[in-house]
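These are the structures, in structure tokens.
Two complexes are shown next, each including chain A; its partner changes from chain B in the first to chain C in the second.
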Partner chain A sequence: MNASVRIRTAWAHRLVAAAAFAFALSLVAVMFDMPIAASKLSAQVMASLPQSGVDHPVTAVLLNFRSYDTLLEIGVLLLAVFGALASFDTPAAAAACVASTANPLLGSLVRALVPLMLLVAAYLLWAGSHRPGGAFQAGAVLAAAGVLLRLAGMVPTFLPPNVLRRAALLAGFVIFLAVGLGALVTGRALLEYPREWAGSLILLIEAALMISIGWILVSLFMAAPSPVIEENENT
Partner chain B sequence: MSSALVFAVAGAALVALGLHALVVRAHLLHKILGFNVMGSGVFLVLVGLAQRDGVDPVPQAMVLTGIVVAVSATALALILMRHLYALTGATTLED
Partner chain C sequence: MADWIFDALLSGTLVWVAWRALAATDLFKSVVIFIAFGLLMSLAWVRLSAPDIALAEAAIGAGLTGVLLLDAIGHLRNRNRPERTEE
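Let's turn to the complex of A and B:
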């Protein structure tokens, strides 16, 4: 890179910084000027909460009032993991996966933590119906447990997909879609649960979502190709 | 200035910081990080602005959905970046 190019790059960077700053300022100006929304969505959510099958408004929005969002979200997760697994060339890459850190402290810590994490995940899943919690938080905890197990070298570096693991990937999306289509077949709108079953259907969907989200996140972690030259990773 | 607006203004600052890093930094890891900072800023703006008159569960649920999507997209981006590095040794998209 010669001197004139470097100077031009420096000026371009300053220009970008100024533009980003101006953008932030205009955003803030708009925020101070913005009126509060006239329609009160929160009041509508609270009014329909008794019909939703759960007692927590965020879970009711996620799994009932706007369940379409959540269905598409687990679809996006599936697409991401398909992309990751498709670009993973087994078994050559699996053999080259980073060796686990042989750390005795990590090993004993993981042995103590993972059962607790499973318990916390189950609690979060159950808590979602009446307080903050739910499938996503529970799935994230499960995924963290899987990543810890992988880092401590207690599971193989890469588990090639078999029937059970594919089922775990798909369970959330398929069961969610099946419930939604079941509502359609029985003469309701897509994803409109029968009111008396709403609570149990939401719990079923959330349990499947928890397993799928946990396993999808672990799969994404495991499918990452190993760094070829490790010292270059930190630059 | 209410606390809701403090969150929203902090979100706007994060959006600008992330945008700057996304444009200026050449290293792909920096770009991915910048994009994530920008996304977090958007979430903060969404939740902060919606809290000006009490807690609203709808934007909170949408942000929760957005966070999960952002995590999976980041994971895919990191995997693609690792592949690029493994195949070519490059960490930027510049020639």
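Let's turn to the complex of A and C:
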């Protein structure tokens, strides 16, 4: 009885795998069948690049031509971190909070790496205007520096939210929205930057986005209660 | 020609590493292979001349996601410690 059930599930697995494979193959076939896009989007982007205020087409699309999408993206990130922080047991975390560097080698490595990472983040932010880079990558590097600091035990495992940290969470979305609404108030379309200011406005928005993305990602990591204490008992 | 060989090797390795990440029975091993997959994937984005996505993939896909997954494994191990004999 048991053996026959096992054989049946094995057959079901094979059937599902075959169906998935067939589906993947048909997707590939459809991809080959699709006509090449009629509108020359990349040509359009390159043609309007001088108006965007930046020299890199990807940044121009993300922060100017399709900036509404980017605004909504940072909104989604913000909602995610609200959810994570709301389900977070603050008093327990504050009670379990420790800051201890067990390993001197790790400590000195992190001391050497973190300033470099800050420099890389600043460079990525600046580079975004004319070459690959930008706020999301810079924010991710900042967040990685924060995560490294926490894993090395060089910052407390939990930092209670205060005005500054809440402002860091909100800065990107609020400044982005303020710039967008400012355009609306001065009689333009939402998020339509004045052409002569476009470059500086994009840099301002990206700087705020970088801080917010970095801090949001670090907060998401910190909102997970730390297993470090129990592991120390183990070893 | 060298490009073709590199691309073929890269895509073959990607599929193989993805399979290993899925098939590994040890969660820790699986996550480490997933991080390696992210790094290879960012190389693939570079080959597709999308350096922006490559940067994001390396930083978020391989770095932060890997750290979060490792953190999650730490929690799972702590939770399962009383039943460790079953492992």
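Rule of thumb we're sticking to: the second predicted complex is superposed on the first by the 207 of 235 C-alpha atoms of A that agree within 3 Å, B and C clash if a C-alpha of one lies under 4 Å from a C-alpha of the other, contacts with A are read in each partner's own complex, and residues count from 1 in each chain.
As a convention for this text, a contact is a pair of C-beta atoms (placed from the backbone, for glycine too) under 8 Å apart; a residue touches a chain by one contact, two chains touch by 3 or more.
Computed from a prediction, not measured in an experiment: that's the story for all the values here.
With both complexes brought onto chain A, simultaneous placement of chain B and chain C is permitted, the two fitting side by side without a clash. In the superposed model, A:177 makes contact with neither chain B nor chain C.
Applying the stated contact rule after C-alpha superposition, one finds that A:60 touches chain B and leaves chain C untouched. In the superposed model, A:106 lies in contact with neither chain B nor chain C.
Applying the stated contact rule after C-alpha superposition, one finds that A:136 touches each of chain B and chain C. By the document's definition of touching, neither partner reaches A:159: not chain B, not chain C. Contacts of A:144 after superposition: chain C is touched, whereas chain B is not reached.
Taking chain B and chain C in turn and counting the residues of chain A each one touches, the greater count comes from B. For the combined model, the angle formed at the CA centre of chain A by lines to the CA centres of chain B and chain C equals 40 degrees after rounding to the nearest 10.
Once the two complexes are laid over each other on the shared chain, residue contacts for A:118 go to neither chain B nor chain C.
Legend: residue contacts after superposition of the two complexes on their common chain; A:221 is shown touching both chain B and chain C. Put simply, chain B and chain C get as close as 5 Å, counting only Cα atoms, in the superposed view.
The intersection of chain A residues touching chain B with those touching chain C, taken from the two complexes, comprises 58, 136, 217, 220-221, 224-225, 227-228. Those residues of chain B lying in contact with chain A across their complex are 5, 8-9, 12-13, 15-17, 19-20, 23-24, 27, 45, 49, 52-58, 60-62, 64-65, 67-69, 71-73, 75-76, 78-80, 82-83, 85-86, 89, 91.
Contact residues on chain A toward chain B in their complex (touch as defined above): 13, 16-17, 20-21, 23-24, 27-28, 31-32, 34, 36, 41-42, 45, 57-58, 60-62, 65-66, 69-70, 73, 76-77, 80-81, 83-84, 87, 136, 213, 216-217, 220-221, 223-229, 232, 235. Within the complex formed with chain C, the chain A residues making contact are 58, 124, 132-134, 136-137, 140-141, 143-144, 147, 151, 217, 220-221, 224-225, 227-228, 230-231. By the touch criterion given at the top, residues 51-52, 54-56, 59-60, 63-64, 67-68, 71-72, 74-75, 77-78, 81 of chain C touch chain A in their complex.
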